[in-house]
Every structure is written in structure tokens, then in C-alpha cells.
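Okay, handing you the structure first.
Order of writing sets the labels: A, B and C. Residues in every chain begin at 1.
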Amino acid sequence: MVDLPPDPIQMTIAMITSPLFLKVAIFPGLTSIGIIAAILTWLDRKITARVQLRIGPQYVSPFGGILQSFADLIKLAFKELIIPEKADRFFFILAPVFGLVLGAGLIALIPFSPETLISNVEVGLPVFLAFVTLSPTLVLLAGWSANSKYPFIGGLRSLFQQTGYEIPLWLSSIGVVMLAGSFNLTKIVQAQSTGWFILPQLLGAIIFLVTSVAEQERIPFDLPEAEPEIIMGWQAEYPGFLFLAAQGAGFVKLYAFSALFATIYLGGYLGPGPQFLGLFWSLFKTTIMIVLVILLRGAFGRVRLDQLLKYGWTLLLGLAIINIAITYFLIEGFPAI
Amino acid sequence: MVAEGIPELVYYLGFITVNTLALVVILILLVSPRDKKPTPVKRAPFESGQIAVGRGRTRFIIQYYPYLLMFVVYDVVAMFLFAWAVNLRTLGAAGTIPVLVFVSVLLVPLGYALHLANRPENW
Amino acid sequence: MTDPAFLVVAAVTIIGAIMAIEARDLVYGAAALGISFLGIAGLFILLDATYVAAFQISVYIGAVVVLILFTVMLVGPAKGEAPMEHKRASLFAAVLVSMFLGIGGSLASANAFPGVEVCGSGCDLQILSQTLLNNYGTQLELLSFVLVAAVIGALTLAKTEKA
């Protein structure tokens, strides 16, 4: 007897309703990332505006202009793609696209709750940091490919800034690994059931926050996109939806880093109340971190490149190593932590 | 055979890459308007109105090159530090000594690189 | 039948390496090298060494390829310079590389060092780091000295002497 091949329609329906596909496509996957990135662009503009005593986006919908970013999305999608004539088209188009894919990849590793985790890799934290390390390569290629002075300078500045702040980012997260004894993000959350890691790791958390804001090229570290000086830095020549991709990648990274901070320092999905509220708690903590980082934008000026690199490589690196030493003595002294 | 979580991650990344590339292709081919008669100034590099002179890939800020080199070295240092950190509770003090010596030895080139960096006269 | 995942990853690695050598534009070559390293990370993943794969990606693609790209962009080929052809040298290089592959392959096989326990797929990060730090501590220090020498050499060679 020959087995009949399975009915393709049934197979497609089975695949679409499988839990993995729902996680990948809806939440915390593709659709939710797109919507959250759009909401974050609006949130960034709104909060920055309020801090600066302006109103911000207000026209596009009855509630505070929240649909503004969707309107921008539609507008940018229909713009003409003007690529500079001596630019390298292959990298020019692919670099921001892969930046988006990279940012989205970061979200897959975060345990928003034990059920809505896409990928429970045993070495979750190094994989997350490996994705982050790929970002300077893409920005360097993007800045180079436009073959124009200001994007190239912006790309180089971004390269030095991101590589310079990557090492303190890694070293500050080592403290968390020491306390939890595992790289697995779910196990790190579980290890915080006796106390969130932000308390023994206060120095490390502050370093992590500062370096992650530098990694995302947000103000006060927005030198690579310095608007009044070099137009938009490496994004200057990007038309239409490629600009959208570059900006969107930045906001997806904001989401990812805030979620990681909430996971490794603030206890992730742990919180008072019944088990199924875990998702709410992790999203709540992520939102707090996002709002905190956005508020930094309104509060600070810009750091100069040579100051930035000098302090990144001396002060922050030294503090991160001191944090590792402090955590070591904490563990040796109080094995119960 | 493959570690837990990797197939889901590969599936997810593949899904996102395929969708994003498909979206980009659709946008480029179908949606973006074309200009039938482009003027030459439209495709020139943008410098806020001034005419661009010279090569597009100029000043290299080479005085920060030592930072890039130290990034490579400390990337490797971080790899060993992670390996040490995850097993700290089982290793104890005896396993910490090699790592301590390793990190302190590698502070020497960091000092040399910081001394050399950000001084344009050295490059 | 070999695992299709292995075939795909190996193909990516080899094609990336070939493109890295044969590319006309050096920036494309460096990017192809990055793809090849991604293939090697895939091989590590298939060998159940995800930790090594993650650091392969961040050290090789994230740092070494960035350095190569930076250098290539800084010192690109002069305009109009044709790539050089060395047929006899290529043959010699092919023989040399095959010898190294043969030696490396036989060392990597399980029969190379009888009596030493090979860590199977139950090998996890704990055993790795314990072995590394307890048994191979001296080698770690030697590695650090090699790194110091490399960095100080690179910086000394690259900087200009004061006039």
C-alpha cells in the first residue's frame, strides 16, 4: 500500500496553528515586533517632546497621535528610492535589512514568560551578545557603501563607539552569570526568585545600562547620527523604506536591550500574583526600562567621540572589572546568594 | 544532536529574513515610484546643498585604531571570563588564579594601546 | 545518508571561502569571509558546541572581519591594478594545504590519541571550563603572552616614528 501524500491544505493549516509558528509570527515574533517598533517611535517622540515642553505628534488620531508612526510608515514605503550614483547597491540595500533581522533575532532569546519563549538556548546570553557584536560590521558596511563623506564618517564613528562599549557590556553581564551559574536566560530568571540581581549587581546594572544606550546609538551617545553636524551620519543617504529599516532597527534594539535588562537584573517574568501574570510582569518591567532610556534622551547632551572612547575604555572597563571582583567576593563570602 | 533551542532560532531567523527580503523586493519592484527623467544632481551625494568634492571615503580617524585592536583582544578575554564565570561556584579559588593572571597580563597591551590612541601624531 | 543540515552548512562555508579569495572587490571578499565564518559557526552548532559557535560569531565575524574590512577600506588596491596570476605558486600552495588538511584531519579523528577520553555529546560547559582552568592553566598563560606579543607588535609596526 502506498501512503498518500498529506493534503497540502491540511498541512498548511497544521503548520500555521502550531504553537511555534504562532510564537514566531505573532508574539513575540514578527507582527508584534513591527507593531512595537512603530509604537516605540511614537513613544520616543512623545516623551521627548513632553520633556522639552512641546506636544509632539498629535494629529493623526484622537489619542495623542499614536498612529503617527503608522502614517510615517505608509508614507516612507511609497517614496522613491534614490540611491547615490557611486554607491555600492548590494551593501547599501542589504545592510539595514540585516540590521532589522539582527534586532528581531535578539527578541527570540528573551523569556517573556516560560510559554512565550521562542528559543531556549542553553547559552542564551552569549548568543544574544554575539548578535549584538554583528551590528558594528553592518554599520561599517552601510556607511562605506554610500560612498559619500558624511555617511562614511558616521559609519566609522559608529564602529568605534559600538566596539568600544561592547566589552564593558559583556563584562558587566558576567556578574549576572556568576550569580546565576548559568547562561540560560530562563535559569537566570529562576535564580532571581530569592532576590532580583539588581541589588547585588547595582554597579554592573548601571554599567550595563550606560553601555547598552551607547550600543543603540541613542542620545547621549548619538554622535554617529549627529543631526546638526553630519546630517544623519551613516543613515544620511538612505531613502524611503531603507531609512525606515535603519530607524526601525534602532527601536527594535531598544526593545531588545530593555527586555534583556528586565530579564537579567529585574527578575523577568517573576512577580507577585499567579503564574499566568508572568507575561504582564516582564512586559511591564521592559516598558519601565524603555521609558527610562527614552527619558535619558531629553536629559543629556552629546558626548564627544574622543571623550566617549577614552571613558569607555578606561572608566567603564575598569568599573566592570571591579564589579566582577566585588561579585566574586560576594559569592565566596556568602555562598547563599 | 543539536542543542536545544537552536532549531527554533534558525526557523525564526529564516522566517524573518525571508519575509523582510520579500517585503523589500516587493517594495523595490512594485511600490516605489520611478523617475522617468532623473536629473544628475538628484543622484549626487548629499551635503546639505554644497557640491561634493573629492573622494567619498575620506578621513579615516586612524588615531582610534588601537581601540579596534583592543576590542579583538578583549573579545577573546571575555570568552575566557565567561567560561570561568559560569562555573565559579564549582571552581572556587583554585580555578580563579589562571584567569586572574590572564586578565592582568592582558592589561599591559591595554595600557600601551591607550597610551598610543587618540594622538594623531603617532599615526 | 549524511545529515542535510551538515551539507548545507559545509556548502556555505566552502562557497564563502572560495568567494572570499576570488572576489574582485576586496570588500566583497571580506564579506564573503564573514559568511564563511558563519558556516563554521554552524558546524560548531551541529557539533553541539553552541558556546564556541556564539564566540566564533562574535570574535571572528564581529571583530576579525571588522578589522579586515577597516584595513581593506583604508588601503584598497590602486586603481587599474589587475590581480596577479601565479600558476606555479598556486600548485605549490594546493599541495601544502592538502598536507595540512591531512595532518589536521588525522589529529582530529577519535583514534589519534588512544587513552585520552573524548568528550562526547554529553560534554557541557562545566566540564569544558573545569578542564580548561584546572588542567590547562599554563597553556592559558602562554596564550595570553602570545596575545600580548601580537598586539604590541601590531601597534609598533603600525605607528609612525616621530621625525
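Here, contacts are C-beta pairs under 8 Å (C-beta built on N, C-alpha and C of every residue); 3 or more make two chains touch, one makes a residue touch a chain.
Computed from a prediction, not measured in an experiment: that's the story for all the values here.
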{"item": "Farthest-lying chain, centroid of Cα atoms versus that of chain B", "value": "C"}
{"item": "Chain nearest the overall Cα centroid", "value": "B"}
{"item": "Distance from chain C to chain A - Cα centre to Cα centre, in angstrom", "value": "29"}
{"item": "Inter-chain centre distance, chain A versus chain B - centres from mean C-alpha coordinates, in Å", "value": "14"}
{"item": "Residue list for chain A, restricted to those that touch at least two other chains", "value": "121-123, 126-127, 133, 144, 159, 163, 183"}
{"item": "Contacts with 2+ other chains: residues of chain B", "value": "3, 6, 57, 60, 68, 70-71, 75, 82, 86-87"}
{"item": "In chain C, residues with contacts to at least two other chains", "value": "50-51, 55, 58, 62-63, 66, 70, 73, 125"}
{"item": "Complex contact set, residues of chain A against chain C", "value": "88, 90-91, 121-123, 126-127, 129-131, 133-134, 136-137, 140-141, 144, 159, 163, 183"}
{"item": "For the chain B and chain A complex, residues of the former touching the latter", "value": "3-6, 8-9, 11-13, 15-17, 19-21, 24, 27-28, 31-35, 42-48, 52, 54, 56-61, 64, 67-68, 70-71, 74-75, 78, 81-82, 85-89, 93, 96, 103, 110, 114, 117-118"}
{"item": "Chain B partner contacts - residues on chain A that touch it in the complex", "value": "20, 24-25, 29-30, 77-86, 93, 97, 100-101, 104-105, 108-109, 118-124, 126-127, 133, 144, 146-150, 152-153, 156-157, 159-160, 163-164, 166-167, 170-171, 174-175, 177-178, 181-183, 231, 236-237, 240-241, 305-306, 309-310, 313-314, 317, 321, 324, 328, 331-332, 335"}
{"item": "Residue ranges of chain C in contact with chain A within the complex", "value": "27-28, 31, 34, 50-51, 54-55, 57-58, 61-63, 65-66, 69-70, 73, 124-125"}
{"item": "Residues of chain B defined as touching chain C within the complex", "value": "1-3, 6, 57, 60, 62, 65-66, 68-73, 75-76, 79-80, 82-84, 86-87, 90-91, 94-95, 97-99, 101-102, 105-106, 108-109, 112-113, 116, 121-123"}
